[in-house]
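Next come two complexes built around chain A: one with chain B, the other with chain C.
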Partner chain A sequence: MFEAKLQQGGLLKKILESVKDLVVDGLWDCDGAAITLQGMDSSHVALVEMLLRAEAFEHYRCDRNVTLGMNHNHLSKILKCANNDDIVILKAADQNPDSCSLILESKNGEKTSDFVVSLVRIDTDQLGIPETEYSAHVKMSSGEFQRICRDLSQFGDAVQITCSKQDVKFSSSGETGKANITLTHSATVDKEEESVTVDLKEPVDLTFALRFLNLFTKATPISDTVTLSLSQEAPLVVEYKIGDSGHIRYFLAPKIQEDEENE
Partner chain B sequence: MGIHNLAKLIADFAPSAMKEQEMKSYFGRKIAIDASMCIYQFLIAVRSDGAQLANEDGEVTSHLVGLFYRTIRMVDNGIKPAGTKLWVQGVIPKIFHITFLQIRVRRKPPDLNWRIVKRKERRQEAEKELEKAKEAGDTENVQKFERRLVRATPQHNEDCKKLLKLMGIPYVEAPGEAEAQCVALVNGDKVYGVGTEDMDALTFGTKVMLRHLTASEAKKLPVQEYSFNKVLEGLNLSHEEVCRNPLRVQSNMLDFIDLCILMGCDYCGTIRGIGPKRAIELIQKYKNIEAVLENIDQKKYPPPEGWLFKQARELFKHPDVTPAEDIELKWTDPDEEGVVDFMCKRFGFNEERIRNGCQKLKKGRKGSTQGRLDSFFTVVANKSSNKRKAEEMNGKKSKKAKGSFKKRK
Partner chain C sequence: MAEEEREPDDSPRLSSSSHSKNKEQSRWVMIVPEKIADQQLEDSSPDSQPSIIKLKHPKTESAAQFLICPKDKSIQEILSFQDSKGSWFIDNTVQEDGRLLMATNIDPLFLILPYLQSENNTKKHMFMELDQIVKDSSYPQCNRLVEILDHQTTCQICDSKGNEDFKVYRYSEEKTLAWLKSKVERTADYLSSSDISVSSGQCSSYVRSSKPSEVPREDCLRYAAGLISDYLHPSLSKKMFSNLGIKEETTKGKKVSENGNKTEEETTNGKRRPDENGHKAEEEPPLKKVRKSSSEPDEDYSRSFSMPQVKAVPTSKLTPGQKRLAKADKTGMKSLSSFFKKK
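Here is the complex of A and B:
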């Protein structure tokens, strides 16, 4: 028997919003300690990894590990029926469930709606993500990051991210011109969520597709801050913390400058 | 062409071997394509008013039109606004690396050209019909039979080679079957997959085969990706390590070859009355054709006289190919002036359109390529959701794949 009760139904809504455009069908792994989800976009360029620990739930019970094949569009339809302060209960049977039920309870307990969502058969490759030491970590306001990505996508379809000692530069160029946005390390600001911290071991200079970054920033409502981890020749990591009890991490493969002549 | 009904058999017995993917998910992949087949298709299909396109001197140009635009479409796939929101936003530049494989001569052992003999018969028939239709003034039938008589000449091949060279697309000349050469490239890790409609490629043992690659955009069909290992798994033929190199074939591969021969291949006849379903049953039971022959009632199912299944098997097992290690694939910048010179001066194409095409080719080569995550992270497990009974049987020990199949403690 798997059962999880989430006081803040809005959280699940936000999580779903932040993954569903990237991964249509996802495998939700539920074990005794947490719910995890890993999925890639169809072109295998970006990956999302979500972890939601049992502590996030008011009540969490998982007798046996279950893997739920969820169609995120179906799930999102159900969650559209929920208010942000509704209580959401997820239930599934132990033995190869072919459906999962969701119960929504209004805060005052006057309204209960329950839904059954059919699970889908999914067959995907799971990627092992090695522990990596990144050359640079940039922590900033998630809203700011969303803004930068959105603004820059007016100029080009890729963003070049360069980190040097104390600042991080986002630049994009296209037929209409060029745009550069520079953020300077500013740890002294009073509000933590507005500050920018650049933690640098080595300078980095990488280029990424904005289309995916714009999908990642759908997770902005989940957290006030976002952390970008970069290393030369490695995928970018964009991490949003879900309170103290989980995270959503996005990985994006960089664009590679190819020099065909030398191939 | 190809293996009779193999696609259907795979759909029935090994549905997981075929994945449908959108064309765009293949960006950056290198794909080998059998050009001989394409040329043939173009000669048949690219026509106006039923006649092949030709320049002022009457030289046929259908094949060049087709090849030029198809190549550009692949290299350029993504820049072309295809209507959906996603494309318009200026998507990931997709660089398709395409290799066209040129087949020079179909050098098959003379007695093994079963299908070719058949084809010859059909040609003669078509010729007769054509005469008749011409006499009767039946234009529809004239066109129909003219198409049947289409043949790619060495001149067509030369034209196409020249064009590909000018466009900077590498090509390989296959000593024998073009399909087999494509497969050798795949299994030698030179390219990701074979783009073909011909199921033969699987019999030659290709790791990955892509179907509808060339047709998918116009018809809005998804690309079908076949995985050889999963085909074998699904057909219950794989018991040992699956071969990677068609030159070093292992026993399970032989089963599959024998199955294909039983189902009907290009090289020899089949036993009457044995269809795909019987064929798979027999092969699963008896493993090879020799044993099948011993065990079936030959009166009821008479094998063709002087059945050359052994030679056909040999052909699949040891196709005449240039080893992948000896082949270097190199993409170069298109020679715009050269293409214009060749296409416009010689064949009378519209210069503006050709130049546009070249621009697209150049754009496809320029700039950066989107990397793929699978080149950074490794696949640790193939995971499925619970709704799969097969999973329970092959108790994978992989940590990730345990899912809900763990026994209750």
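Here is the complex of A and C:
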């Protein structure tokens, strides 16, 4: 059987909030070491990959690998009933389970809520994401990234990310005008979560749809920092670490510019 | 209409003359303004000849035929009237097709409005040249509209920039609504000065009788606006009604009496109805039909039942975030499966 007990129920809430708008139905793969979730948006231009290792759980038991097809809208309804400090226990049978139980326990143990969520059959292809070298890594405060995406989406639908030696520039343009935000490499700042590091092998210049980035920033509460990995002609990776025991990675296909006239 | 009755006397003259140079099947009886019929006879250069072109009807967005006269820069809408039975006698022959076609002046601005509005949606307030705006692959002849529009006319519904040689335009909803308002008011003025009955029996008498205190001016305005909305895209006509502060009382296309038809032409350019005259066209017959006063009900009883359908019913239970994402502009973005291989 599969059983996982998470001390911080709030974490699962945050994870779900950050994936449910992108992926309606997700496959939660549980094996002996971790729970992984991979899913794409309906248009298949963005992908989210979530990994939560067994260490994240107070108690983790998985006798056999099991795949849970979750409807995230249903799951989120259940987790809305949970307080941030509630303990969440996930339970499922070993062989082809058709439902998964969730138990929410209040911290003082006085209240226990018990839910059963029906699993859905999901026929999607899982993509194998190879470990690749990226031309540029930008690490920055997740709040700052969220703010940049939100601010720029007032000006246009797309953001152009340009990385040069020491800085990264986010620009967007629309009918009301043009906006540029430049962040300079500043690893010397005392607080690590506020620093910006640009690790560059080759300069990159890519354009992405802001609506997707704005959606990715829903994972901001999970981590103080975010890492953007970019390569020319390759999907952008936006990674949020879940403590030391996992991550959420978003992949987004770049916009290939054919219509220069819109510039 | 008096013109209609007198028409057969005149038309054979023209019809038979055209008959001699045209094929038998392409023959109709059409009332056109006298000056256009004269042009047709005297003028030989094909460019300035009045000709029938197919254009997008501004309301229905389907094809409709129009008679364009480059010489006096006017365009005529072609309406057809058909009795269930009837033929024409033309000289010594019988014309089996008993339809009566009528060419009546229409303001070309109505016809370019759909193009202006759609440009407005896609190109986001860019100023463009008129011949770039009025471009339509399904109605290639629409570019002829540009010939008959002059700068001053176009400026009634557009903002414009540029000098004598190079003028660019941009749709202005404000101007358009003001333009429509003046049209409605002029028509209403005419309606109130004429003895055309605009109230009971023709425009929702039931509603009217329940509110007997209504002033006749309001009825005139509503009737006039109804006439004009026949040439407008439903979304624009809704805006026009709210701009005028009139409740749209008929949900279906208006039901027109003969009088209504007559005023319709008043509406489109404020001129008097064109003189009747027989005139024969060279191309296929028009598709539009004149609504007959007798055969259609004056009121739409189904209106109250059809109203609830307007309410949008959410079809799927997507979250707001998912909906926003569905609207995202994904142009130029390749599927991720082109970057990553399947497991």
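We take it that the second predicted complex is superposed on the first by the 258 of 263 C-alpha atoms of A that agree within 3 Å, B and C clash if a C-alpha of one lies under 4 Å from a C-alpha of the other, contacts with A are read in each partner's own complex, and residues count from 1 in each chain.
Keep this in mind: a contact is a pair of C-beta atoms (placed from the backbone, for glycine too) under 8 Å apart; a residue touches a chain by one contact, two chains touch by 3 or more.
Model, not experiment: these values are computed from the prediction.
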Combined model on chain A: chain C and chain B, fit or clash: clash
Kindly classify A:47 by the partners it touches after superposition: chain B alone (first), chain C alone (second), both, or neither? both
Look at A:215 in the shared chain and tell me whether it touches chain B only, chain C only, both, or neither; answer first, second, both or neither. second
So, A:133: does it touch chain B (first), chain C (second), both, or neither? neither
Applying the document's definition of touching, compare chain B and chain C: which contacts more of chain A? B
Scan A:98 for contacts with chain B and chain C and give back first, second, both or neither. first
Which partner does A:125 reach: the first (chain B), the second (chain C), both, or neither? both
Have a look at where A:244 lands relative to chain B and chain C in the superposition and call it first, second, both or neither. neither
Quick check on the superposed pair: does A:21 touch chain B, chain C, both, or neither? Answer first, second, both or neither. second
Let me test your reading of the model: by the given contact rule, A:256 touches which partner, first (chain B), second (chain C), both or neither? both
Check the residue A:73 against both partner chains and state whether it touches chain B (first), chain C (second), both, or neither. second
For the combined three-chain arrangement, which segment of chain C clashes with chain B: 200-208, 290-298 or 326-334? 326-334
Chain A positions within both the chain B interface and the chain C interface are 40, 42-47, 125-130, 157-158, 207, 209, 211, 234-235, 251-258
Residues of chain A touching chain C in their complex? 20-22, 24, 40-47, 73, 125-130, 157-158, 175, 207, 209, 211-212, 215, 218, 234-235, 251-258
Taking the complex as given, what residues does chain B use to touch chain A? 16, 21-22, 24-25, 27, 86, 89-92, 330-332, 365, 368-388, 400-404, 406, 408
Please output the residues of chain A touching chain B within their complex, sorted ascending. 27, 29, 40, 42-47, 64-69, 94-98, 119-130, 153, 156-158, 174, 207, 209, 211, 234-235, 251-258, 260, 263
Residues of chain C defined as touching chain A within the complex: 124-125, 317-319, 321-322, 324-343
